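Multiple structures are listed underneath, in structure tokens.
Next come two complexes built around subunit A: one with subunit B, the other with subunit C.
For the complex of A and B:
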């Protein structure tokens, strides 16, 4: 029972810390949200500025702003965006939906592709094909995402005319959405795959030299059975960690890909909120990302236990 | 051994529990996903037989349900079909659609709250006044206007052939309502609320009169920026800033705003069936958002869009050659009324001294800076600051690069390099070092300026800061020199001709508010006190002479706004405030006959 209380307290403390940091970080940035809202060439009197500040709740002392923020959170109210003129929860709902769809698919495909190819490449690293694939993925992981996205757009959309330049769709049908998302998903899948490939490859190279792999071979198991039934299971532990970390990426979007393909995702939402000092949007976005990462880490712990019997064993 | 068995069993139980948890989670996921798909079918009236839809559709539906859109499902399917059919229709009539690429991405469907949407909506809800291609103010919805002698009472006579896209006529009440509505609801127009004493409409002569509590001479210019709204639609909307609608909006221009589609990244304007003016050729006008200008260039080259528009900006000079090579584009070129300038801190010595500013002006190699920054699409500016495309431009002396003269003037002023270290010492005998405050977008200009200053022995430090820090430092006058720009509206605001940037009585993010010379302030007041065109011109000339003599800011170059357009179209107009985005363009642009 005391263990449950301890854990509950620990999670509550973590949550409070996250919430506090979410509140503090946007306010530590230089700049004034009110001036930002007014714009560069517009003259408004100090009285109007103060009225706006009051409307936005920014005239209150920080302590009061913080308690108001906590109060709103307890009522599941994430606030109201200064620039988007909409409740933050609605904005997030819209953006997260699309972001999960295109970043989520990319992360999943990238994990599967990178893990399988990485495992095979690590198992037989000396073959020419595997070396070539390895160089390819190293090159990919070193390429700036912005550049790769532009390159893909130039080749596949402009030169070959196979795909569109921007947006989630022209006509809101599933086929059209898939057609529009093919290029951004491919670019992001390649990035995700390259990271997973390199980690899996290294992990398999390390694992295949272990005694249990040697023992499996001595038992007369085939290579594929040793790799996929024994080695891969142990080698995939870092991939699980990476996947958990990618959940944060999943919710924070992929800014550069969104910019190149003009997609309305979480990346541009957060970027615009930083530029515009839109505190409620920043607070809401960071909270969702932090909670998603927490949840993903909890799931990763669970998966670790499934993949590795040593984790299940009491110390 | 016994203990080992215990461990194994414990591990087995824990494993089993975890697998069970997983199974339950997967079950919940699937259980949620299936009804989600089913709900959509039910809502759309389809049979609930086993679905032929793929997992992808089911996942989309699931996400919609997860995101709390169950209640919208019924509508969304219908809307989606309608939208798809509209879009297909739009594709069918592609031959008569004018497509514009823009980097000014709309962030919100708030008609009054999003500034970029406000600019694009000039097409559907044109302002009362406009600036013509020569830079003169002219009526747009207004046929004519008059102002009382004391400049407090403005009467606008409306054109009588204006209709909203729902068939209702545009009335003086609409104008009165719109202006009062902006004054009440939008912070940037709060001045209207504060100064508008009364207003009256006259249906007999189709006019609206605004009476202000003090003389106001720039109302005709101010009213060239406020979109006119249909009173019969907007009066029922209590909080217009929070009113989000992705279209259609009732408009009275040649087009009305049919749809704002963030996920497709475009605005669609459709022809106003009740428009009685010159009939535009294009059935639709589409504004396509590109977050990246390079991608917009590819889309232009590919023929996906016909032209490019950015408020207060040119098509990137570095990409012009790419478009020229295709042979498919012509270019409109006009000197921008906005410009890049070097702003000395007039509140700090020695920059407060006009003679020192004169010396600084001689250190700058204007030709080089114009060539590098505008790639041939700019020119050396005059001392009078105001670019030639602005109304009442006065030809003043060109700024001159003369480092020898700068050295000479510095020496005369008591700056000398007595220790031979290449850096001039000030009157206190210490090395004179100045700081150039720079935002990242002016990094290269900053580097060039530093180099020019060092060539005459003035040591300079570049301090690059983000925009917010720049605003803070600029507002607290913590800089020696800084580089910034004026926008077209910025040049027109306040007493016009760029005065709004320098008048110390003003505030604002982009303005320097650092000039409190009584002569300058009096000039501003004089301009603000008259509506007489001849007097205004005289004051404008005086103001440019003042700039030329005192150099409160040193213009670095005048640049051209370059707008590429597909050669298949002709009939483009450009005005100094909104470039090609004006009604004259949209009613005149047409496909060239082969």
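For the complex of A and C:
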């Protein structure tokens, strides 16, 4: 039980840290906080600046500002983007659905692909084909995600003309969306599979040295039966931990892939915000992504408890 | 049955051979491959290191010298020229130094922080351990790249700030590994006797525990370098890099944003990308190799007991 309390405390602390960071950035960074809060390229007169300063409460003591900030957050008020002329929360709401769909599909596919291939490769690590696959995945995991995306875009969209190179859809039908999403999803799937593959491979190599695998062999089970019915279950536990830690990493990978393929998700939003120095949008995006990662970690903890009975039982 | 089990426990080496034979797993062959991997990585990495240390030996021109822009590969310019007429091969050679420097410098920072936090919390245990590891867990959850993006956007980074930020944000996994290893080492005989003889905690940490941590630290350091290089390349792609220091990431980003991609100039955008991938891969392979050897040593230790 104390484990649960400890976990909850840590998540609460993480949440608090994220919110505090988000609060502190525009106020502590060099430059005028008003400029930092509305974005640098917005031109306003001195009087408007002073009005904004009063309105945003920047002349109040810090703890008053903090409580006001928390109050805004509770009302889902993430500030106003002067570049896009709309509240940040609204902009984010439009974009985040696509990104979550994109990340979700590719992580799911990548996990399945990486786990299966990794299990096979770990079972017989010394065969030529498996070693080749292993080198391939190591190379993939060492490639910056956006370079991989660029290569795919160049080869399959420009050179071969098989796929469109821009956007989520021309006409919003499921087939058209799938057609447009194929390349980016492939890139992200490979990217997430490469990480799962390496972990799964090592984990299977380790697990098959255990006595229960030997016992299963002594019972006369076939290789596939030992692998999929006995070894796989135990070997896939590290994958769950990895998935939780990796969500943030995959999320950022997805941002880059979106930029390369000009998909209108969070990635392009952040890219435009960096170029336009649109700080409110950047901050809002960071908050939303960090919270999504936090939630994913909590989910993985729950999943781990379901998958591994040892975690549920008090030791 | 009991006898057999006792037999297996007594002779781990034999048991392993039996296992290898029955599960058609040839561990020795696998190990040999691992070693080859490590050596290959080391060899090729040395090449990049030499490139980074003595760029003037390999680069045909200075990276700032200007020729006709957008030229295709020829004998004079093996990889053509870019948008402002710099020779791309020379740029590539000089970029090695910057990319590697960012990787190693920020990995050094994160390894140092991870080492200190892990050592401290593993050695003293109790409340400091709870607090430090709690803090580590809390920091671990925050997504790094978005955080760096925000910091980068506010700070307009020079390369030093980039190194500092990357280093300060990636020490958590190192701290955890160091801590668990320290927990093991502090129970060994030599640490206990050192404590009985009245050496200070600091002295024990530095001269008894630290030398035994190097084997764990080295692969972690390598992997941290690899991931820092990828992060740097990614940030440069977003335009958050230091334009005055042309790393491979910046070259790639320029090729993307300044027309190399649209003009189909593969000699501009492919080489830096391939260089990043290969260099990161060699460093990671070296790391994997060290890690494998470390596991190997650990097992042998258990066997001989």
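To be clear about the criterion, the second predicted complex is superposed on the first by the 239 of 315 C-alpha atoms of A that agree within 3 Å, B and C clash if a C-alpha of one lies under 4 Å from a C-alpha of the other, contacts with A are read in each partner's own complex, and residues count from 1 in each chain.
Note that a residue touches a chain if its C-beta (ideal position, glycine included) is under 8 Å from a C-beta of that chain, and two chains touch if they have at least 3 such contacts.
The shown structure was predicted, so the numbers you read here are calculated from the model rather than taken from an experiment.
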Which superposed partner A:158 touches (first subunit B, second subunit C, both, neither): both
Touching partner for A:251 - first (subunit B), second (subunit C), both, neither: second
First, second, both or neither for A:220, with subunit B first and subunit C second: neither
Touched partner set for A:61, first subunit B, second subunit C, both or neither: neither
Contacts of A:35 with subunit B and subunit C, given as first, second, both or neither: first
Contacts of A:144 with subunit B and subunit C, given as first, second, both or neither: second
Contacts on subunit A seen with subunit B and repeated with subunit C across the two complexes: 29-31, 36, 150, 154, 158, 259, 277
Subunit B to subunit A touching residues, read off their complex: 7, 10-11, 14-15, 18-19, 21-22, 56-57, 59-60, 63-64, 67-68, 80, 83-84, 87-88, 91, 105, 107-108, 110, 113-115, 187-188, 190-191, 194, 241-242, 244, 262-266, 288-292, 294-295, 298-299, 301-302, 304, 466-469, 471-472, 487, 489-490, 493-494, 500, 506-511
Subunit A residues within the subunit C interface of the complex: 6, 9-11, 13-14, 17-18, 21, 25-26, 29-31, 36, 124-126, 131, 138-139, 141-147, 150-151, 154, 158, 205, 208-209, 213-214, 217, 245, 247-249, 251-252, 255-256, 259, 270-271, 273-275, 277, 279, 282-283, 285-286, 289-290, 293-294, 297
Contacting residues of subunit C [partner subunit A, same complex]: 16, 19, 22-26, 29-30, 33, 134, 137-147, 149-155, 226, 230, 233-234, 237-240, 249, 252, 256, 261, 264, 266, 269, 273, 276-277, 280-281, 284-285, 288
Of subunit A, residues touching subunit B in the complex: 29-32, 35-46, 48, 51-52, 81, 83-86, 93-94, 96-98, 100-101, 150, 153-154, 157-158, 161, 165-174, 177-178, 258-262, 264, 268, 272, 277, 302, 305-306, 309, 312-314
